[in-house]
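Across the two complexes that follow, chain A remains constant while its partner is chain B and subsequently chain C.
Let's look at the complex of A and B:
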């Protein structure tokens, strides 16, 4: 993985000092909360319902054991002994004191981490495929490109006060594990007919109140123009994105209102101009980055594991992913225990994950946007030992991509924007399906819960989505069916009138029963929905 | 907006200036007026203006003011770079809601004069201008980006 050189370290250290100054000015009353707000936001510090929340960047979700140990220590030292892994492959702490934040940032900087641009109307942490560098189906490792863009976007002088936040994802396989087309810019590294690598640009996707799937605006941007093309996309947005209405300020609205063709024309014109401006790092910089992501020294070993223990067999079946080396797999540590809080990990669990990464996965982990943690390179020979240790720590849930593997936003338990609670609902749903033994029967079923229309829980993209709304002062939940965040990106449709908390849990069971009744061989819930449409589900729910 | 602001900032409102030439003491006109008047030498860009409309007139301009009615509106950063990229060498003055935490970014986008609505503490400003030991991007200033330093 990428390691800082003295330049990177100096930048992060300077940021800590800057924030220390800013926090000091606030604490001394020299600036108002209103003036402090954008400054703390640029440093990932939010004021929530009960306390400050700090979001720490984990670039493209990759981290090593030293960093994970520090995240655990921070949970103990500055928070209440746990942290929350997010859909942006980051981690959040919910109980932070302003007085201690600069010290916390200094601790992070000591392990090459930071909270830079994890909030605010700027380019946010860049996300990527959580199986990058390990997946059998990838063209190349997308992370050197993500790192190039991370550096370009850090403290960008022109793009730090955009109309709205800006999220970029980079992938390099046809299977999309990063919801690429639901980002402001989605980049897929591809090969052209001449066998050269380049980048396909998708611009203007997003969730939120007005979900949109990003159209492709350029099939192939040569690698030595990647930064310049990104700069052109951003400049057109910064100049012409709407600033009159916060809810229409994302780039998806600009692309939609101008039309894909006109937006593309403007980007191409700006791009042509910028090509002469010397904004592109030399290819030598990309070549410098690549070795950081080179394959570790894989060794041949057993290609199958003894699956005579049915519990172990189920976990292997559910929670491992095919690796490019046939003696290895990527193993997913589920942070979705039945009745647990999706994405939460205690400091003990973080320390354990760090130790296991060191012992079994070349000292590397990935945070998934589905709020789980991956050990990317595990020898098949080590799988049983790994699983045994995970099981003992309550981290062995065999439920990846099942109805228990719920994405949920923090909801009304923490967030000042929420209309409804998400976490207790997720806890009750996983409990209901686990107790009835239906989880395994249902197979792949992606359930996503947002506590308000801002869609942090990705409800638009769930095979089943739940949206919490406020209905005359009581929490009410709308049900959506048919969304997908994968390469077959689709937005879910609302079934009809909403339900109360008990009602929505029953409703989910009703729609899954329809699926079990109607499914044909090998169909997932999503496939059946696509074949039979909304009507049978609606009838069962409302007639 | 006050009447005075309609006519641009006066030299004594400029708090920081990084130029050796004499400060222009001419009222700034709007972008529309500047395009119509052949003798205007100072212009003020509002956030909704297209800075590129000024490109045919850059030779006669001594002063371009870019107004930031609210610091959160970042269009002025692009306007500044667009002008510098087109070869404008006159004074580029950031005016309005210009705060200490933005002046470093503004400097990188090509601003060389600052006339904030509320004066900025001089020490804080000095620290802010010198905050970043290096920079990650090529912009409108002369600083070499880190990627350049790495591959010299």
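Let's look at the complex of A and C:
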């Protein structure tokens, strides 16, 4: 993984001291909250329902055991013993004190981490495939490209005050595990007919109140023009994106209103102008980054594990992913125990994950946008020992991509923007399906819950999505079907009128029963929905 | 009744105006009538509250109940972590929010 050089460290250290001064001035009354607010947001510090909340950047979700141990220590020292892994592959702390934040940031900086650009109208943490560098199906490891873009976008003076926040994802396989087309810019590393690597650019996707799937605006950008083309995309947005209405300020609105062709024309014109302006770092810089992501020293070993223990066999079946080396797998640590809070991990669990990464995965972890954690390189020979330790710590739930593996935003339990609670629904749904023994029967079923229209819980992209709304002061939930954030990206459609909390949980069971009744061999919920359409589900829900 | 709430500037804790100062407990909140803006301006200037605002509430069974669910969640704590609420010994406390 990427390691800071002296410039990186100096920048992050300087930012800590700058924030220390800003916070002190606020505490002494030398600046107002109105003046301080944008400064704290630039450092990831929000004021939420119960306290300050700090969002820490985990670039493309990659971290090592030293960093995870520090995240656990921070949870104990500055928070209440836990953290929340987010859909942007980051971690959030919910109970932070302003007077301690600078010290917290200094502790983060000591392990090459920070909270810069995790809020505000700037380029946010760049996300990627959580199996990057390990997946059998990837063309190359996308992380050097993500890192190049991270360095380009960090403290970029021109893009620090964009019309709105800006999210980029980079992948390098045809299987999309990063919701790439639901980003402001989605980049897929591809190979052209001449065998050269380049980047396909998808621009103008996103969720929120106006969900859109990003159209491809260019099939192939040579890798020595990757940054320049990104800059051109941003420049057109920065110039013409709407600043008069925050609800129409994302790039998806600009691309939609201009039309893909006109937006692309303007980007190409800007790109042409930029090509001789020296924006692009030399390819040598990309080559310098690649060794940070070199394969660890894999060794040959057993290709299969003894699956005579049915519980272990189920976990292997559900929670491991095929690795490019046939003696290894990527193992997913589920942060979705039945009735648990999706994405939450205690400091003890974080310490354990760090220890297990050190022991079994070349000291590396990945945070998934689905709020789980991956050990990317686990020897098949070590799987049983790993699983045994995870089980003992409540981290061995065999439920990846099942109805128990729910994405849920913090919702009204923590978030000041939310209209309804998300987490209690996730807890009750996972409990109901686990108790009825239906989880395995249903197979792959991605359920995503947002507590408001901002869609942090990705409800638009759930095979089943739930959106919490405020109905005359009470919580109400709309149900959506048919979304997908994978390579077959689709936006879910609302079934009809909303439900109260009990009603929406019953409704989930109703639609899954329809699926079980109607499915044909090998069909996932999403496949059946696409084949039979919305009507049978609506009839069951409302007639 | 109209009551005042906000967050403690230093700690971020949810606080309620009790007539003399700020309390962690919504039951201590007092009706400020039309004096809300004046009190908030003074307390904000003194840096005793951050992002303060006035809300509607009712007095019920000896307690104060904010009109909106969001403020009831603020008053109690996260319903999904009873141990972190102001009533950690009462696992059913979250029902008050709904």
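Methods note: the second predicted complex is superposed on the first by the 543 of 543 C-alpha atoms of A that agree within 3 Å, B and C clash if a C-alpha of one lies under 4 Å from a C-alpha of the other, contacts with A are read in each partner's own complex, and residues count from 1 in each chain.
The definition used in the following text is that a residue touches a chain if its C-beta (ideal position, glycine included) is under 8 Å from a C-beta of that chain, and two chains touch if they have at least 3 such contacts.
Remember, predicted model here, so these are calculated numbers, not experimental data.
Looking at the shared chain after the overlay, A:458 reaches neither chain B nor chain C. Once chain A of one complex is fitted onto chain A of the other, the partner contacts of A:252 are absent, as it touches neither chain B nor chain C. Contacts of A:369 after superposition on the shared chain: neither chain B nor chain C is touched. When both complexes are overlaid on chain A, the residue A:33 reaches chain C alone and has no touch with chain B.
In the superposition on chain A, A:473 makes contact with chain C only, not with chain B. With both complexes superposed, B is the one of chain B and chain C in contact with more chain A residues. In the superposed model, A:98 makes contact with chain C only, not with chain B. No residue of chain A lies at the contact with chain B in one complex and also at the contact with chain C in the other. Of all residues in chain A, those touching chain C in their complex are 26-27, 29, 33, 47, 49-52, 80, 94-99, 341, 412-414, 416, 418, 421, 423-424, 427, 473-475. Taken together, the chain A residues at the contact with chain B in this complex read 5, 7-8, 10-11, 14, 18, 21-22, 35, 38-39, 121, 151-152, 154-163, 235, 238-239, 243, 273, 277-279, 281-282, 284-285, 288. Of all residues in chain C, only 7, 9-14, 44-45, 47, 50-51, 67-70, 73-74, 77-81, 84, 98 touch chain A in the complex they form. By the touch criterion stated above, chain B contacts chain A in their complex at residues 47, 50, 71-75, 77-79, 81, 85, 99, 101-102, 104-106, 108-109, 124, 127, 131-139, 145-151.
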